[in-house]
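I'd like to ask you about the structure that follows.
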């Protein structure tokens, strides 16, 4: 029990400290360090992909493969939930 | 349309197709799913093998998702990749081929093995998703995409570990695994966020070309290193692993070994390609070495006292992971000076990568034989087994082969890779090699004990009705045994054509970056 | 005058979630803690994408030229769905754990040891 | 879950349908306005959650079967996968419809702020639809199964493992 409490405190301070240090070391809020990739999307989404919504053009085109993965994660969760409760729900 | 150009995409598209269509196919009859599972797994393996061949002939393959051409990483006027790039170098192709071979063998094994349970279409979906997640982690060149595939593999394995929901232990193992590994995956997401916030890109090669090791970079490095080491099951973050491996159905445990190795791959990429700058290379290298020593020793000592066969094998998996961490760590420490790299660094990395493939094969085979024993004898407790070799001679001989491999007995493949690791780590420090050898002896003792108590000796009266397992299960095990035999009989060609190119690809940080960024920055 | 307040909000959310995951004994509260940590990750990604004075990156009937970075928003979308999937699965496992053990206290759900 | 009071039920029966319309709107206009398949699908699935909360869980079984939902989910995902595959003339996930002039979302848009036209976006719009299908069915399935979880018998009669 003592060891476990020590482990909990250690993880809290380690992870919390890392997080605070990282956030403290990040560039100031509202000033992107390098926005070339995003500026490309903003500039080209309409001409290249005929999409007014730049975010959607990224979600389904520029990074469409991520979205397939994301849909697969949701599908995985559905499959797991159905597998856990299989056999009981009719209809 | 030339198909061979699209191999990296097909490698991920095929298992996803299987996952999405399994519920539809399962509406017809279970028989169709039983056909779909091995056939698509086999096709995936064929694609992975073709990809391995293509990479070994033509060098690193790029695949830019959704671009005009597959190899067009940088659109005109841009010096940064903007799309998701799959970057398949020799290491990725090797890992993908070995992982998909294990997946194929386990799929063959799973068909009769899971016949006693309902929900096979859900099982097949989750299985395909686990394969897709594993392969995706190994071939992607994009940090956020890596996170997405990590999550696919994790969520699928949560569902599969808890698949036998009637056992409280399975639910408990699933819960522990879910909580721990969700937090780890969140850390990967935070790390991707830090790197994006600092550099404005998500492509791993592009990030690697701009890493400046400021505070945020270092934090991202620590988060990635810690969480991926945890997902790979390195001591002291291993507590979820024996539970998850022990409680999952055996065909899944065997595949989970390869899935953990995908995290290991991520750890190697993080240490070498992403952050392998001279300033932090010794730190990361010694970190890997320490994790490796701890895993080797703690894993094997915990394994000796276990009474459940799969739990015991799971602790051995931790201990074997230690060898890989040790080898790669030694290589990373040596990478500071070209002379040391040439004399033992590359050998260490090669040995570790060779051990990765060997381990995927023999540990997969061990878990499958444990599943076969469980299927026939109906028990997982070692003290309730005895004299099984009489009724299950084939399973017993396959088990003996895999046990010889994991213990590192001379003619079998585990020996070659361990020897390479001993040699090279001895060059760095004799202490490392000594720990490795002690671990190896303890492993041998442990497996001699299991073989003697479970398979030899007088047959227990309650086990006299035990029969050999059905043919597809034997076929799955035989496939892995063939792979072990191949790796044992041809160590030279395997090392020369598959493993050492992978080791060089891992060690060459510049080439990894240049493949995407086109050389000059 | 927001300064770095958004980062502070991320840190506070993260620490709250981490504390819950590490120190709570109730499985449901642990699941909530994970959800809070996921929320902090999503907030973190959105915060990274902000550009001072930018509007939403949608051209339909847009009024000003400057737009915030669209990539983090797309990433957040993905991360939210992934978080939702994990939470659903975690809660299903909690339901089963309660059914088997009759409790949600993690100190009593300990059959696997050693 | 028991049905709630008559006030809740009446309000749901009258206004619940607007949730469906709004969800469908968000899905279809994903490439023009903030929103898309995931968001619209989540809105749409709220309808079923509200249905079960207000009218009782029996109401769900009368309206739609989980077998049907599972089919819709798989079909949505397969459509998504297929749209990715069809781009394979160039690469996986290549948007082969955008600006092609095809009547299926093949229109092009002027650069800069504009009022938007529905028939643009190419596969982006089609993928929104397919993801919408998947999310509606998937989230509804999760809600239903977790709500009806207590009906599952703990030892479901499987005797393949040692318990």
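Per-chain numbering from 1; labels A, B, C and D assigned in written order.
Here, a contact is a pair of C-beta atoms (placed from the backbone, for glycine too) under 8 Å apart; a residue touches a chain by one contact, two chains touch by 3 or more.
Everything quoted here is computed from the prediction, not taken from an experiment.
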| item | value |
| --- | --- |
| Partner chains shared by chain A and chain C (touch criterion as defined above) | B, D |
| Centre-to-centre distance between chain C and chain B (centres being mean Cα positions), rounded to whole Å | 28 |
| Centroid spacing, where centroids are CA-atom means, of chain B and chain D in whole angstrom | 35 |
| Intercentroid distance (Cα basis), chain D paired with chain A, Å | 20 |
| Whole-Å gap separating chain A and chain B, where each centre is the average of the chain's CA atoms | 24 |
| Chain D: positions in contact with at least two other chains | 32-34, 36, 38, 67, 70, 73, 77, 81, 84, 92-93, 95, 109, 112, 114, 116, 142, 145-146, 149, 154, 156 |
| Per-residue multi-chain contacts in chain A, two or more chains | 15, 19, 24, 26, 32, 35, 37-38, 41, 46, 52-53, 55, 59, 61, 63-77, 80-82, 84-87 |
| Chain B residues counted as touching two or more neighbouring chains | 16, 20, 23, 65-66, 118, 144, 148, 151, 155, 158-159, 162, 165, 190, 197 |
| Contact graph of the chains (line, ring, star, complete, other) | complete |
| Chain B partner contacts - residues on chain C that touch it in the complex | 21, 27, 30, 34, 37-38, 41, 44-45, 48, 71-72, 75, 78-79, 82, 85-86, 89-90, 93-94, 96-97, 100-101, 109-112, 114 |
| For the chain C and chain A complex, residues of the former touching the latter | 2-8, 10-11, 14-15, 18-19, 22-23, 47-52, 57-60, 67, 69-71, 73-75, 77-78, 81-82, 84-86, 88-89, 92-93, 96 |
| Of chain D, residues touching chain B in the complex | 67, 70-71, 73-75, 77-78, 81, 84-85, 87-95, 154-156, 158-163 |
| Chain C-touching residues of chain D, taken from the complex the two chains share | 32-34, 36, 38, 109, 112-116, 142, 145-146, 149, 154 |
| Of chain A, residues touching chain C in the complex | 8, 11-12, 15-16, 19-20, 23-24, 26, 28-32, 35, 37-38, 41-42, 45-46, 52-55, 58-59, 63, 66-67, 69-71, 73-74, 76-77, 80-81, 84-85 |
